[in-house]
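Okay, handing you the structure first.
Going by the order they are written in, the chains are A, B, C, D, E, F, G and H; count residues from 1 in each one.
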Amino acid sequence: MTPDRLAAMLTQVQQGALPVEQALERLKHLPFEDLGFARIDHHRTLRKGFSEVIWGPGKTSQQIAAIAARLVENGQPALITRLDENKAQEIKISLPALVYYAEARIGALGERPASRTDLPVLVIAAGTADIPVAEEAALSAEWLGNTVERLYDVGVAGLHRLFDSLDRLRAASVLIVVAGMEGALPSVIGGLVDRPIIAVPTSIGYGASFGGVAALLAMLNSCAAGVTVVNIDNGFGAAAAATLINRPDDEQANKG
Amino acid sequence: MTPDRLAAMLTQVQQGALPVEQALERLKHLPFEDLGFARIDHHRTLRKGFSEVIWGPGKTSQQIAAIAARLVENGQPALITRLDENKAQEIKISLPALVYYAEARIGALGERPASRTDLPVLVIAAGTADIPVAEEAALSAEWLGNTVERLYDVGVAGLHRLFDSLDRLRAASVLIVVAGMEGALPSVIGGLVDRPIIAVPTSIGYGASFGGVAALLAMLNSCAAGVTVVNIDNGFGAAAAATLINRPDDEQANKG
Amino acid sequence: MTPDRLAAMLTQVQQGALPVEQALERLKHLPFEDLGFARIDHHRTLRKGFSEVIWGPGKTSQQIAAIAARLVENGQPALITRLDENKAQEIKISLPALVYYAEARIGALGERPASRTDLPVLVIAAGTADIPVAEEAALSAEWLGNTVERLYDVGVAGLHRLFDSLDRLRAASVLIVVAGMEGALPSVIGGLVDRPIIAVPTSIGYGASFGGVAALLAMLNSCAAGVTVVNIDNGFGAAAAATLINRPDDEQANKG
Amino acid sequence: MTPDRLAAMLTQVQQGALPVEQALERLKHLPFEDLGFARIDHHRTLRKGFSEVIWGPGKTSQQIAAIAARLVENGQPALITRLDENKAQEIKISLPALVYYAEARIGALGERPASRTDLPVLVIAAGTADIPVAEEAALSAEWLGNTVERLYDVGVAGLHRLFDSLDRLRAASVLIVVAGMEGALPSVIGGLVDRPIIAVPTSIGYGASFGGVAALLAMLNSCAAGVTVVNIDNGFGAAAAATLINRPDDEQANKG
Amino acid sequence: MTPDRLAAMLTQVQQGALPVEQALERLKHLPFEDLGFARIDHHRTLRKGFSEVIWGPGKTSQQIAAIAARLVENGQPALITRLDENKAQEIKISLPALVYYAEARIGALGERPASRTDLPVLVIAAGTADIPVAEEAALSAEWLGNTVERLYDVGVAGLHRLFDSLDRLRAASVLIVVAGMEGALPSVIGGLVDRPIIAVPTSIGYGASFGGVAALLAMLNSCAAGVTVVNIDNGFGAAAAATLINRPDDEQANKG
Amino acid sequence: MTPDRLAAMLTQVQQGALPVEQALERLKHLPFEDLGFARIDHHRTLRKGFSEVIWGPGKTSQQIAAIAARLVENGQPALITRLDENKAQEIKISLPALVYYAEARIGALGERPASRTDLPVLVIAAGTADIPVAEEAALSAEWLGNTVERLYDVGVAGLHRLFDSLDRLRAASVLIVVAGMEGALPSVIGGLVDRPIIAVPTSIGYGASFGGVAALLAMLNSCAAGVTVVNIDNGFGAAAAATLINRPDDEQANKG
Amino acid sequence: MTPDRLAAMLTQVQQGALPVEQALERLKHLPFEDLGFARIDHHRTLRKGFSEVIWGPGKTSQQIAAIAARLVENGQPALITRLDENKAQEIKISLPALVYYAEARIGALGERPASRTDLPVLVIAAGTADIPVAEEAALSAEWLGNTVERLYDVGVAGLHRLFDSLDRLRAASVLIVVAGMEGALPSVIGGLVDRPIIAVPTSIGYGASFGGVAALLAMLNSCAAGVTVVNIDNGFGAAAAATLINRPDDEQANKG
Amino acid sequence: MTPDRLAAMLTQVQQGALPVEQALERLKHLPFEDLGFARIDHHRTLRKGFSEVIWGPGKTSQQIAAIAARLVENGQPALITRLDENKAQEIKISLPALVYYAEARIGALGERPASRTDLPVLVIAAGTADIPVAEEAALSAEWLGNTVERLYDVGVAGLHRLFDSLDRLRAASVLIVVAGMEGALPSVIGGLVDRPIIAVPTSIGYGASFGGVAALLAMLNSCAAGVTVVNIDNGFGAAAAATLINRPDDEQANKG
């Protein structure tokens, strides 16, 4: 319900084309759909540039399937994050078209959107154990309409593995850097490139890593300018932010 | 020392135009300048898109003045963040051109760069007490070459104050949202706009705010997609990230 | 043992109607019942306005069944919170009248009390995953004698879903607002209504939500006046407090 | 901008009594006043039942004086919490009518509202050192229109001091219980009365009290039903919540 | 190796009754027994007043059985704490005399020592769910040679259940007070009796109890004098401390 | 108000020697004295074995002086802990008899009680910097009626300094062991003696000592049996607990 | 790619022996091998003195087997730490030569290197439950080329068990001291020997040990000079550091 | 009191050259000197390889001066760490030979020992603000008998500044790496050299650096092998550990 549409509607009221009661109703009922346990925000694509994504935990398979089905019926792709394998199997019974990416723990339904721009989002994982979170970021970014590249196992204890790919680092539009343990990789990369870096701490580690807190704090305290941070293991959040940053020139131009 | 320049130099070596020893030296001595207590990174503008910024705490007035003087001599503006008033007065003795912004605790020397693009970075402060951090962000963003707009005291306890400015929110290229206490503002704004949001928690609050930790955690756990976070009170960090995101179309085009 | 009853008893002693020894005994033995592993506080209804509620964790099925049976024998309903399904099945063997609400993890025995007042307690859940805690609150409030309404999945990332129900928010006597992740919903609602808000943080989230701590801190630091907080996931505690607030006018009048 | 007023305005538009542009403006400009550094929410009294209260920290004396002056000019009392003595002296220069309560660190301007009801809010302090926070609560509650009673130094290490006042505890409409150190007092009182208890942890203590965290956690974990909690040292927050609970019968009746 | 025995040995050396080498050996080899994975401290009874107790976690059934067997062979009882049921069953195969107390998770072998004094150690549990830890304390205290009394489910939310037993509280030599959640019980009891109180926080609770931290902090911050604290769930530690406090008069006299 | 006195009073009522109203009053008014800001618990000596001790922080000099004066007028000594030097000077104006111990930050008024027993309480400080807390413990213990010995600077990094005093360790009735940094001393001493050890963590240290938390945790996790713990820097609390443990034989005998 | 090799390569370029393009390639491709999910750092032996060690968690059996196979093919031993038994069984199918040490959770392939020096690394465990971490350290140290000795169950509660082995402590080149609970052992040993001590906190303990945090903090705050610390349970890390310290004299001489 | 000296003494006893009582005394009185508030450990040089160092905080100027004077009288240098400027001035009155290093906050008395070996300890500081802690480490290492080199301001955001000094990194015997903020430098250096690295986190930073905790955690979680850690800001501790590692070959040889 943008100001433009509000003005248009008020004009209709003034012209008698729209009764007061209906206008009032319309103002109150913005486009969401109430399933009882969930209110689907069909309006979100318009407002945010991408449709509502379903966060799996704490929802039953039935609830997830119902929400996903309604999204698909409205012509939107349905992406489900943090979906464990058992729930995915159960959902497939009613929605056999569901594709399940086990490593990334993502379920997807519908058509994957085309890339809006060729500028790549580069997803980097410090270690092999960080790959599941990196894949959550990479797959999400692809489904949100980005061209995605991957660069894995380039941790700071062997920097030449990173330097080998310096040109790929510098060609990216946005970098998503996924790291656990001491979380130093975004700081190192932040010193090398002039593109925005979204740092994703992972819960990989043990003892005083405190489930990713060590990496999170390191990233928040990065001495390299241009690094911002999302929650521990939040690959999807990084992808969503990268999508908003990585927009095609014409979209940006229209905006201004 | 980009791959292009490396190839060029190696060609010179091959052609005998550059002796091996000199090439070796050049490879080792990248452009920084050693003052003993500090190594000034004159190369950073090239690498990062903006010059080195001086972080004030833990440095003496003499050290800050020496670094700032060298930057200005190299034709770069010098920005000093977290500069307390006493040090600023002392630096002014040797560098009388220093401009000091007391609320933002920023000192600046040299020419402020022109804006690279008209798309504004919008800096939002939830409460009056958050304004110093917001000003650190806004001033820094201006000195890093951005057009900046400000919107202050629009906290979630009186949402109509925010909704009144909805069009300004939606016209921005990047939003820097500064909030203390419960840190809810970035989540609310994140549901309204389709632009990247950099959330800055502030240490404003008391008791269980734990010096900004409550706001930091709220921002990291935001249910709104597209929100990334910087350290508590890190207005400059937000400005630097916004600068990397908010680049002019031609710069972006060249990149791809 | 109120002051009134104490005076009455002392008068009996003075009149010789009650021997000293018996009075002493009576003074010492207030009405609880010792089962060995538990001391049932039959006096609580008188003192608190509602009967003792059984907290399930750390008690065996046998212990729970014994306490519940004694409450019902005394004409009180028995409510068991945090009751897992296995224990519920075991208790049903000896107490087949037990009704088990799986989503809320509540077991109930006996007659549900009539509502003492028509003013509704409104239970709001920010997301679908917060519903179990919201149901613990809603069911508990009903069994403690309140009219209860529910409003689910109205999180801050899509505020229009909340605004659509603004009239229901404003008609409530007390609002119980259940939210995980960044816990921003009580602050937003606190700016919209003039009724007491009891905020319930949930353990929904991951990473830096720290099992609900992020939401708890956000709620404690709410910039909206009138918000008070209970423990993480403590739906019952919110219901009990709401019951004490939501009392009928005549009860309140008698009090004054 | 309630639904009623929205319908009325739309009717005016329909009848041609209000041009579209003006309606649009009105919809956007809800009643707040922009001072640049602050947006005064004159609408709050209507929405929340009491006017905006000024939180002192992080605001300059000039800013506070400007906001307070505008509130008084609009016929509202101005209450400033967490106001340190120096700022109070500076504000008095421009606003000599300011009354400053040093122990509670509260400044007040204008007419104190009459009590809306005779049912008392009872403010209890566990120890002498907790009195400043208790006074912030008590004074705030008085200025928000409540009859207030005080009961100080009744900590759990000498319970007879509390039991002596049992009748006052039971006569209160709402109890605000202020305690530092181990924070046990709300739990003990919660077992004795059937009225809502708002627990206020204080930062009184040392070592493992962690600035009030020990008391806060104890209150959140209270085994007594009906206890809700506000932030550490948040006397005003407790008073605001108590005000919303302690409303006169007729107000309550109108509501239903 | 007390000073007395050291002097005796040196006299033997002086008199030629003990060669230097043997004395040196003896000085180095104090009485423990090396099983490779464990060094049994047979000397401890002499030094501490009670024999070594085996802490179960992290030891295999085989290791526990071997240590216990050696203790019993030396005429000492063997007490194993934190012994889970499976290990107990495995140990019973080689040591069928093992008695296993499931609620307290304690295994015992050999003769339980007679009580050294009639003054009782009183073990108090705030709630039914705290009983396992209370039983670890009570059983341990019995096996360390104390007369033990138990008082369970006397939490602060119904103080009359505690006051009913005031005479038992005051007759005890030492009180072990076991409580989870807000951990207020030791403070209340500390205001009523003049005997040492050992407070044992339990991990009973949820959310902001943080596995017993809330109770631990409350106990450390107790405003009642005479309360000392042991680790969360450390029933045995409380029993050991109580044993050292609760010694018979003649033992105490010998000491002086 | 013990059961004995309750029975006596009821007999008086029965015999008509005491009117009901007076009995009721008496039951309600236990012996404390209300100064408005403080309720002095004159009854405490009877109940706890030592009189009320005044905790200095958060009280004004006037408040402290008033409470101390009333205690002395009632024939009790007045001990003020955590008293800073400025307040002590101010109190001396109205109460010139006040003795101030600067290192221990204790003020004392009245007659120091004689030692109730010759068995010494031994106060041990790990390092020189721990002495102020050790002195708070030692002086408090003396004023509570104990014979006190001191042993300072015997930290675990030079164990022979401790072993040199092994006989003094073993002759003590109770040991108060004060240590900061890693807090290892109580564990080491706990392996050497068979007397109760009260461990006092101090805030001495830096960095990851977290104001004494490292020492506190070490003491709570001590592998030596018989160690109990008080709050960080709580020398007085240790002295109070030691006093309850260290009682003369006849007192103990009477008890049983 | 050391400076020496860089100069050599540049000389080749100058002499025309190496085309520019190939030199550029060589500079970029340092010796690692990309398996897609992992980049094996074959260069590490040269750079660090020992080959890459595989950290098991977060890697699939297939991934581990592939990396290990490549290392062995390159003539390096393959050590896998934190390898759980199930994965070890799966790896053995493709790599039957794998040796699995269950207590240390280490898998090993290839030839164990000979000891580079006779000076022993001494691994000490405070308690029996700390042995698994101690074994991870001991076995790792052996596979990294050290002579290793073990001394287990010598905790501070029975110091004579430690003193018995004083000569072994003093003969070691480096000491790895593994302890959980209060973590006091490294401080005590640090006062006795003049060799470097690497302290390893373990997660052994309960309650306020917080998974090894108590021990970690104690070790970081050790008052004994010469103690450094690694992460909780990080036996391998201690072994790696010990290996770098414990080098043969000739290696050290070459270095200087 | 080494085993050798114990045997010698026992031989004297056997030969009648030493009476039993004197031997007993000697065994008990190891060489320390009791100043009442401090026990000076003159034996430490022998035992640890360097003399006792005085930690300044919590000691009065008088106490520090007395201890330092006694050390110098015994022919040992006296090093005082964490000495603030005021205390240094006061100590200079009685001990005018005191040299005070203001940046490192170190006071020194007596002769600085000669270097025991030419192999340098290299002290690295990530930023200018880390220099004070680095200087505490460097100066301490010099006074403990090491050759020291310094390399400052080589943080990870401009890695070429570090790579420029790669040969100095690789020539060091031990590296002390001092860093605040995200603490990533030791991990990066750990991947480049084969020498032991002692990481020192500093309290430099703000917000979520939590006084150095972020850096501390990063260092404990370092993915680079061979990194061990000391307490936040503990420059001296790092120097002491480096001294024990960096010993001359002949010392090491004697040992074996």
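Here is the rule we go by: contacts are C-beta pairs under 8 Å (C-beta built on N, C-alpha and C of every residue); 3 or more make two chains touch, one makes a residue touch a chain.
Worth saying up front: this structure is predicted, and the values here are computed from it rather than measured.
Steps from chain C to chain G, taking the shortest chain of touch contacts, total 2. The set of chains touching chain A and also touching chain G is given as B, H. Shared contact partners of chain B and chain F, listed by label: C, D, G, H.
Comparing the contact residues of chain C and chain D by number shows a mostly shared set, over half of all numbers used being common to the two copies.
Rounded to whole angstrom units, the spacing between the C-alpha centres of chain B and chain E is 59.
Computed centre separation for the pair chain D/chain H is 54 angstrom, with centres defined by C-alpha atoms. Annotation: 38 Å between the Cα-based centres of chain A and chain C.
In chain C, 3, 28, 127, 157-158, 191-192, 207-209, 213, 216, 220-221, 225, 231 are the positions where the chain touches two or more neighbouring chains simultaneously. Applying the touch definition to every pair of chains gives A-B, A-C, A-D, A-G, A-H, B-C, B-D, B-G, B-H, C-D, C-E, C-F, D-E, D-F, E-F, E-G, E-H, F-G, F-H, G-H. Against chain D, in their complex, chain A makes its touches with residues 3, 6-7, 10-11, 13-14, 16, 19-20, 23-24, 27-28. Residues 3, 47-50, 53, 118-119, 166-167, 171, 173, 191-196, 198, 216, 220-221, 225-232, 236-238, 240-241, 243-245, 249, 252-253, 255-256 of chain D are the ones touching chain C in the complex.
Touching chain E in their complex are the following residues of chain C: 1, 28-30, 32, 36-39, 41, 43-44, 55, 57-59, 63, 82, 201, 203, 211-213, 216, 231-234. If you check the complex, the residues on chain B that touch chain D are 127-132, 152-154, 158, 160-161, 163-164, 204, 206-209.
Residues of chain H touching chain A in their complex: 126-127, 155-159, 181-184, 187-188, 190-192, 205, 207-210, 213-215, 217-225.
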